[in-house]
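One structure follows; several queries about it will come next.
Labels run A, B, C and D following the written order; every chain starts at residue 1.
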Amino acid sequence: MIVVLKPGTPEQKRDQLVSWIEGQGLEVHMSVGKTQTLLGMVGDTSCIDKDLLECLDIVDTVKVVTDPFKLGNRKFHPADSIIDVSGVKFGGDNFPVIAGPCSVESEEQIVAIAKAVKASGARMLRGGAFKPRTSPYDFQGLKADGLELLRIARKETGLPIVSEVMGVEDLPLFEDIDMIQIGARNMQNFNLLKAVGRLNKPVLLKRGLASTLKEFLMSAEYIMAGGNTNVILCERGIRTFGDYMRNTLDLAAIPMLHKLTHLPVIVDPSHATGIAELVRPMALASAACSADGLIIEVHNDPMHAKCDGAQSLTPEAFDDLIKDVMTIRSVAVRK
Amino acid sequence: MIVVLKPGTPEQKRDQLVSWIEGQGLEVHMSVGKTQTLLGMVGDTSCIDKDLLECLDIVDTVKVVTDPFKLGNRKFHPADSIIDVSGVKFGGDNFPVIAGPCSVESEEQIVAIAKAVKASGARMLRGGAFKPRTSPYDFQGLKADGLELLRIARKETGLPIVSEVMGVEDLPLFEDIDMIQIGARNMQNFNLLKAVGRLNKPVLLKRGLASTLKEFLMSAEYIMAGGNTNVILCERGIRTFGDYMRNTLDLAAIPMLHKLTHLPVIVDPSHATGIAELVRPMALASAACSADGLIIEVHNDPMHAKCDGAQSLTPEAFDDLIKDVMTIRSVAVRK
Amino acid sequence: MIVVLKPGTPEQKRDQLVSWIEGQGLEVHMSVGKTQTLLGMVGDTSCIDKDLLECLDIVDTVKVVTDPFKLGNRKFHPADSIIDVSGVKFGGDNFPVIAGPCSVESEEQIVAIAKAVKASGARMLRGGAFKPRTSPYDFQGLKADGLELLRIARKETGLPIVSEVMGVEDLPLFEDIDMIQIGARNMQNFNLLKAVGRLNKPVLLKRGLASTLKEFLMSAEYIMAGGNTNVILCERGIRTFGDYMRNTLDLAAIPMLHKLTHLPVIVDPSHATGIAELVRPMALASAACSADGLIIEVHNDPMHAKCDGAQSLTPEAFDDLIKDVMTIRSVAVRK
Amino acid sequence: MIVVLKPGTPEQKRDQLVSWIEGQGLEVHMSVGKTQTLLGMVGDTSCIDKDLLECLDIVDTVKVVTDPFKLGNRKFHPADSIIDVSGVKFGGDNFPVIAGPCSVESEEQIVAIAKAVKASGARMLRGGAFKPRTSPYDFQGLKADGLELLRIARKETGLPIVSEVMGVEDLPLFEDIDMIQIGARNMQNFNLLKAVGRLNKPVLLKRGLASTLKEFLMSAEYIMAGGNTNVILCERGIRTFGDYMRNTLDLAAIPMLHKLTHLPVIVDPSHATGIAELVRPMALASAACSADGLIIEVHNDPMHAKCDGAQSLTPEAFDDLIKDVMTIRSVAVRK
């Protein structure tokens, strides 16, 4: 952390500040220039409130120079993390695709979709049992029954399953679910992050609608700080002023996250755009810019899907897509 | 809901769509123009997926014409709601100010601040016991002990208390807290919204960082749909591209929310800006644009506050502010 | 345009409004439902102020159902437009790459770069002569001398050239420049749009930092309405709350623009991210999601570039990139 | 500017960088800590490309510690600037209100409105002659004829006039207009900024839709660097994800700009919200948070205004507003 003092700061006031910082257990390096004086703090600056320092009379600005995320930071862990989800590997040279319906609706539906996406090459099955909906009047998911139907589909196909949890109190129902999803709206539900941090189970963490990359990585840090380092990040679009699409898919975040962290990063092109015909181009683009996998909504009858039918691919469109995704991945793979 | 068909849609396809809509229990009014055909749906359209209709070959666009919020909608409840929090009234002609520290730190601290803000005219005491922090390494609050200290301060001063809850599992600790705060990051924690909707206790709902007014009102609707209509809304800044301030305080949302809903709306100028010297002008501006109250951070020793000291007023600055706020309120009051 | 009346609107007031609308030369279709009355207007509604109608006492909301862009609208011109820039074709099955330095600095520099990028497969040369800079104290470009150096590089290599114009008064200098670029900050400089609309010369129109797709298309419409239909759109990143990158590249805008318009759409991955090592992944992603071309910054000595060196590729990195771009393009091409 | 080196940077590489920086004419202060080495640069760092330094292998981050704006910076000019516009003073203790129609439409209209707003206390008259419109098919203003009508209204009432210029080529028409307005879309039309910087005439500079405060101040700097220091800033709303209003009025920018610059800052509540009934509360709020004036749209017949009727006040509503504005200003005035 670096403190820039205002021009003309009296030496006495400057020395009082230096003493106060040293009193917090930090070393101070002073650079006195012609127009500016800088105080560089060395040591653990996490106890220092940057904003508060900036409010002092003699302080012009305060600059933070260390990343607040540690466990997820590639600087301290240069190699890609490989996360194993019941045999399916994420990270490194792997590129698994997760597919399935937005909501689990019936045994017939989920088993049929699971078989179809497996045949096309999907490695995991997704399906919502607890559904976060903006309106209390919308379908909220089959809940425990939905999870049970996912287990049946897993048994029929062998595909590991991932489903979203919406609160700490529902976690016991997820004991044998292969991967737990934390949705975008819960990315900063810190109680939930801490609770899954105590589990020994992979977590798919979706980026919040308005979260910076730093906040995204700090939420992963919450889980890892609890002892659970099996975190997979998922970019799914951010909120902007855009007019024609639900969200703005931030694909440049993929290579940037690869610089910042060793955790795998996958993309959800279905929620990002909300429009089925944009799923294909954005899935291809994700593979082209070094994503570590995809999670895609597939429904065998989009017209009658209980939610988000508009963004679901048919099994045929999914089958057509996955081949091209794999070809592009092989051309673009991070060197 | 209105469906605009593409030019040149064959009559047969159009009639199929009309039949399908009528099959969902809705009445259809058709307007056939020279270049456009419109289908107006009358009835409960909540079962219709707008996005899905837009994906149909023959559909150009779909327009939603009814508000999705019902219980909070001023159209169906024209008079201002008055929410009583242990004798302190919000809404209508009232203008209560809530004040207190970001975090409860000690008995001495919270009691001293409570006495000071009461003397200046504050009607309720705020204080964080459970603290949502971006980093797992930051101070997380005194938790149950913090709530206990708030109770002591209430006993000493008679001020009702409000504190933030971060998860359903912590709710039992809040049984005798006068008002429960749902923080910005939990505005769409639907499990938590449903849980407080089952209580008979006022809820202070803060606007999410990236939430539209419609989403904000839908989150209030979650609480009200559970039977608890004692909801107070709080504008506290949204996330934009801004450079010098933490958030962008959206003050025009206050009169706009008054148009849309009968619920009281207060403003938090402290979190909105993150800078103590901006609290005064933004508090005055809030009073000028018809807010129903304020929630302001006050700390007796901002330099040593455990969090957010930079945005806290001293008791002296608060005392100075509150008089001018009341004068401005009296000039500006909604006519 | 559809007007939704408030519940309980008196018939007399409703009929007055209908008469007023008919007085503007429009046909009105009325749908009277149990709770809502809709007025559908048929005809040229461009004379009607939507916002004003919404302010009437009896009006609940007004919905616009036609696109405001006509000449660029794919509905009225289903086939891709092919724009010919001195023999280089954009649109349809073509995928030209434009490359060159941010700023033209010297004859030696621009000729060397032009030869290098041509050898790698670039089809056009870019180079800034007039530079829009946030600060008046930054390098503003070589201006007319820079254009002259571009002409020399064109003569040496045969590559057509594109360069940015910053105002109507500079247009005479661009007479023999093959394509004129309108930069992001001038996307709504309507005087400039009208002026290039009167030319018979291709225009590269960059998307404004905060412009919606509708506004982007309306700016293209300004140029086309003047008679110049040779417009190529360029996505180059939008402004969001993002922390690590200069802008957020909105790649989903590419397939969405293809739905809305017949004009070609290319991508500038250099300005979008501001970071050289992100240019490769985002160029590949652009090719994967059906962009019609790329414009990429290449500099032979990024450390000493006069501006934007940080986002420039070396000729070697560009050479390495362009092969993979073409492979991906061939896999992903719109079917 | 401060360079933070990566941990483990070899001394040789570090010294090469130090030599390179010194070669640019800067002094370097090195702080070697246990885990971090900082290089503080002292001198004129405007020649250094921050982004480029950040791309070097050995550099972790680069922090800029000086403001890029000089002439507008309050640090170097602590007293408020007072700008005199034909006798009307902006800045310091003054609070002039500018009022008038969005567009000048006829002599009768502009004279009637001018007389009405003068009677209510307005000190200047606004009126658009050149209109920036998103669509080329919308009314574009009366142009030179509109300016002539403004001159007539000035003669009739004595009110100085302000009108928007859209390009350098139109400036000669503005010779005797009292203040020139640069609209939000032209805030970074650098040619236009330079041109008005060469005039000896007050400029009303509106904040761009997506401009940060730093960019806003840098655009003012362009004008001032040309020799024209008569710049008045105008906050008029920024673009966000908001749903019910046209823009988000960023009122906290007012006190923040007062910290950063000595230039006067006024507010345009009409364009910020786009809704007449929000103009009153936002005008009051502007006065409450230390704005230096207001610019408000007033039309004597909003239903038939050629543009933006929806956001215009009637003369009666304006008269009612202005008294309360002045009362609030007197309570809230910066101490």
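A few points about this structure:
By our rule, a contact is a pair of C-beta atoms (placed from the backbone, for glycine too) under 8 Å apart; a residue touches a chain by one contact, two chains touch by 3 or more.
Predicted, not measured: the structure shown is a model, and the values here were computed from it.
The interface formed by B-D recurs in A-C: of the pairs listed in A-C, A-B or B-C, only this one shares over half of its residue-numbered contact pairs with it. Comparing the CA-atom centres of all chains against that of chain C, the greatest distance is found for B.
Here the spacing of chain A and chain D, counted between their Cα centres, is 38 Å.
The geometric centre of chain A is 31 Å away from that of chain C, both derived from CA atoms. Separating the CA-averaged centres of chain C and chain D is a span of 26 Å. Multi-chain contact residues of chain D, defined as those touching 2 or more other chains: 210, 239-241, 275, 277.
Across the interface of their complex, chain C is touched by residues 46, 49, 51-52, 54-55, 68, 132-138, 166-170, 185-186, 188-192, 194, 208-210, 215, 218, 221-222, 225-226, 239, 274-277, 302-303, 305, 307-311 of chain D.
Within the complex formed with chain D, the residues of chain A that make contact are 2, 4, 6-7, 27, 29, 31, 33-36, 38, 40, 42, 60-61, 63, 65-66, 75, 239-241.
Those residues of chain A that touch chain C in the complex are listed here as 210, 212-214, 238, 240-245, 248-256, 259-260, 272-273, 275, 277-278, 281-282, 284-290, 324, 327-328, 331-332.
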